[in-house]
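You will see two complexes here that share chain A, one where it goes with chain B and one where it goes with chain C.
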Partner chain A sequence: MGYLYTQLARFSEAAIMSMGAHLTIAVSGIFFMGIPVTFSLAAYAMVISQNFGLPLIAALGVALGAVLVASLIFVLAYLKLSADSFTVFTLASILAFDAALKSWDGLTGGVLGIAGITRPAFVSTLVRLAWFQFGLAILAFAVEQIILKTRLGRAMQAMKENKYLVESLGVSSRRVGASAIIISSFVAAIAGIVAIWRIQFLDPSFGGIMLLIEVVTIAIIAAKPKVKWLAVATLIIILLPEALRFLNLPSTIVGHLRNLIYAFILLIMIKNISEKLMPQKRFI
Partner chain B sequence: MDKQEDLIRLENLSVKFGKQMVLDNVSLGIKAGEVVGLIGPNGCGKTTLLNAISGFAPLETGTISFAGRDIMNLAPDQRAVLGIGRSFQHAGVFKELSVSDNIIIGAEKAEKFPWFWMFSTRYREKMDKIVNNTLADVGLSVHKKSLAGILSGGQIRLLELARLQLFKGKLLLIDEPTAGVAPALRQQLAKTIKKLNQEYGFTIIIVEHDLKFLFDLVDRAVVLVDGRKYIEGRPEEIQKDARLKEIYFGTSE
Partner chain C sequence: MFFWQILLNSLVLGTQVLLLAVPLYLVHSVCRIYHLALGASGIFTAYALYFALSSSWPLDFAIIFAIIIAIILGLISYRLLDSSVRKKETMPGMLISLAFGIILESLMSIIFGTDAKSLVNGVLPVISWGDLHITVPGIITLAAGIVLALIFLVLINKTPWGRKLTSVSENDNLAASLGIKASSVRLGTFIIAGLLAGFVGIMTTLNTALVPTAGFPLVILAFIVLLIGGLSSLKGVIIAAYTLTLIPEFIISYSGNNWSLGDSWKMLIVFILAALILMWRPNGLFISQTRSD
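Coming up: the complex of A and B.
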């Protein structure tokens, strides 16, 4: 049963995190790659704050405050840079954050990380935690469903198709894009916090490029602005590599094989849905 | 022309793309309620002029004032809020949104509803009414739930103009409304544009290559050649110009 609850928790974490990527990449057409940064930043900020003796609520406040600052930096980059440069900036932020975590070892534990992280009492067992995370995942889906039905959601979808046309209707594409980035950063932060309660160990690999690959793959597969597509894509990406566990392959091959599967799925999906996913040339 | 009465006034407008001067020192005043046509050969700067007015093309030199206010520092969305509406030469609708969502996205901005209204039944009923009336007006009710991408070129133009009817503004910039539209639908398009001017009170600047279609609609036409204003006047005056005949018909006869 422990294995099943772990998979339920992994699915929930990926679903929460990917909801943000779905809103930015699949719905708004903004290639925001900074999700692993806010995912990891929130976890580090909370754990470090608790190590300094802050109670859970205050530590959560510090974590969300840190994520707010990071998301505002991403928004500033979004407003000032071209779309391509923004994507490169957010990709570079993952490497910069990783370097900072490794260098500032007095605070972050460096490459050795921080061990012995305790769960809050209300999710003290894996079963409780898994159901709590699943509840949050359902909430994330519901929030996205509501957003998609609102003025903001419609503007996000429209912006992906034609930013100029959206602006000609009096809608600020800057505000819509900034909202998508902030929402995305915060849901990734929530995913990071609940994920660290499961893993109970934090090191720089917690929110790296591998996490980005997983999240972007889910967002790409769920290319349509539909919550059910996001749920199915998350399920595929989380469960597909698990099937490989039963093939008796050496663990070193399994890791590479999983990446190959991701790459293969990406290729198929991009081939089939590239017109919907990729930003189109705009003519005005 | 009395500058005080102009709804929009362009003074010495120049736009440069790289080293190429696309608009060169163009000045133009348009009074409230006028329908003005912009014509000229391909690449003469017609669409660029519309882009400059709506804020999509940065100016090299010149000033633009709208309703007596300098709008030079306003972003495109702020100019739209101020009352400058726009249709585009290509992709004037959101093809991946439903036909009704294409209307709603224009209506909810124009109506300036408070954001929390969108969760209320009253909002949904009001939106439903607006969508139904607007689509019925252009004969697209049957496509209400369809994706806009499945519509024909003419139907897309009608949907775009239907959304413009809801625009709460004073000036509409319409770029090549007949592009990709079957001849059978052109009459309906002309009727809708006339309605936008006569019933809804919009001042309209329209770019169009089909001169017959254009001259039936406009009070005044402005001819651009190589980014410069070549001539302006009433359609019947413009049509007598030898160079214009040469540009459009290959003969000055």
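Coming up: the complex of A and C.
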């Protein structure tokens, strides 16, 4: 039973986090790769605040405040840089944040990380935590569904098609893009906080390139701006590598094999659906 | 003397970054794509050399084997990315390249393990002038980097081959109408990029250790150099490569006893520097005007 609840929790964490990637990459066409940074930053900020004696609510406030600052930096980069330079900048932010976590060991525990993280009383058991996370995932899907139906959501979808046309209709594409990045950063932060309650151990590998590959793969598979596609894509990506458990492979290669599978899926999907990621070409 | 030793070390590091920035620049100039897999491709070539040497192959065979692997990786990159290049889909192209890089990294981890390996057994040969010391691979890196950067600077700016590259990147249909086969130019570019990346991979791992994940930080650093130098200025890329490695190296080396910074801070310092520069000059330091699409 514990295994099933762990899978439910993993699905929920991936679903919450991927909602942000889906909103930026698949809906708005913004290739924002800084999701692992906000995912990990929120978890570190909350745990460190709690270690300094802050109560849970205040620690959550500190975590979300830190994520707000990080997301504003990403927004600034988005407004200043070209689309591809912005993507490289956000990719570099993952390495820079990893370097900061490893270097500032007095605060972050360095490469050894922080152990013994306690869960809040209301999610003290894995069962409670899994259902709580599942509830959050459903909430995230509902929020995305609502966003897609609003003026902002329609502007996001239109921006992917043609941002100059969006501008000509009086909608600020800069504001729409900034909103997508901020929403994406915050949902990744929430995913990071609930994920750390399950794992109860934090080290620099918590958010990294491999996490990015997982999230981007989900967003690419769910290429269409529809929530049900996102749910199905998350389920596929979470359950697919579970088959490796039954192959009796050495534990040292299972993680790499999982990354290999994700990267292959990503490669094949992009090769086959790249036209869905790019603005439609119309011939008159 | 401490100052000169730091300067020498920084020059070697800067040349390694420059050597990877040059193929990235080439691919971007011709295909308008950020080829993120080049770092992993270079490290894969270094692993090929390691495999050949540890299997007791003669050195010349081992080098030929590594060159063949680098060419094959260039060909695979071309096959994977050419359709994105032709459709001018730069973002999917970048993601394909990232996925290919992760595939290479995962394969290296599965086949060779994640523990650090060394291409050369024992201590690297060192050349000393007074209190200044440099390893032989360091000298080769420096010499090769300076020579290759100058060659490409002249080739791209002053020769018909460079004009072919530029014409293909601007408008491949127009280039085709002038008798230039765009696909052959792109194929050649990917193969040259693969060979250069392989050379960087081998030189970098000779100076440090061979680990499967070494390529990604290197390629990101090279990209930052490209962005700071300006995507259409090879001269700017050369200056940025040395500046961005010299500054963190000096900050770390001269940080005091109470505030001493380790090597792991380098990436953070580079990122902060890059962020500040890019906020000020989004198109890079050495680009005065750009033409938007």
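Heads up, the rule we're going with is that the second predicted complex is superposed on the first by the 276 of 284 C-alpha atoms of A that agree within 3 Å, B and C clash if a C-alpha of one lies under 4 Å from a C-alpha of the other, contacts with A are read in each partner's own complex, and residues count from 1 in each chain.
In the analysis below, a residue touches a chain if its C-beta (ideal position, glycine included) is under 8 Å from a C-beta of that chain, and two chains touch if they have at least 3 such contacts.
Just so we're clear, the structure is a prediction, and the values are computed from it rather than from any experiment.
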Touching partner for A:F31 - first (chain B), second (chain C), both, neither: second
Touching partner for A:I182 - first (chain B), second (chain C), both, neither: neither
Which of chain B and chain C A:L76 touches, first, second, both or neither: second
Chain B versus chain C as contact partner of A:L165, first or second or both or neither: first
Touched partner set for A:Q157, first chain B, second chain C, both or neither: first
More chain A residues in contact [chain B versus chain C]: C
Chain B versus chain C as contact partner of A:S173, first or second or both or neither: first
Partner chain B, residues of chain A touching it in the complex: 149-151, 154-155, 157-158, 160-162, 164-174, 276, 282-284
Chain C-touching residues of chain A, taken from the complex the two chains share: 29, 31, 73, 76-77, 80-85, 87-89, 91-93, 95-96, 98-100, 102-103, 209-210, 213, 216, 220, 252-253, 256-257, 259-260, 262-264, 266-267, 270-271, 274, 277-278
Parts of chain C lying in touch with chain A, wherever the complex brings them together: 34, 36, 80, 83-84, 87, 89-92, 94-96, 98-100, 102-103, 105-107, 109-110, 113-114, 216-217, 220, 223-224, 227, 261-262, 264-268, 270-272, 274-275, 278-279, 282-283
Residue numbers on chain B that touch chain A, as the complex places them: 47, 51, 54-56, 75-78, 80-81, 85-86, 88-97, 101, 104-106, 108-110, 115, 118, 163, 167
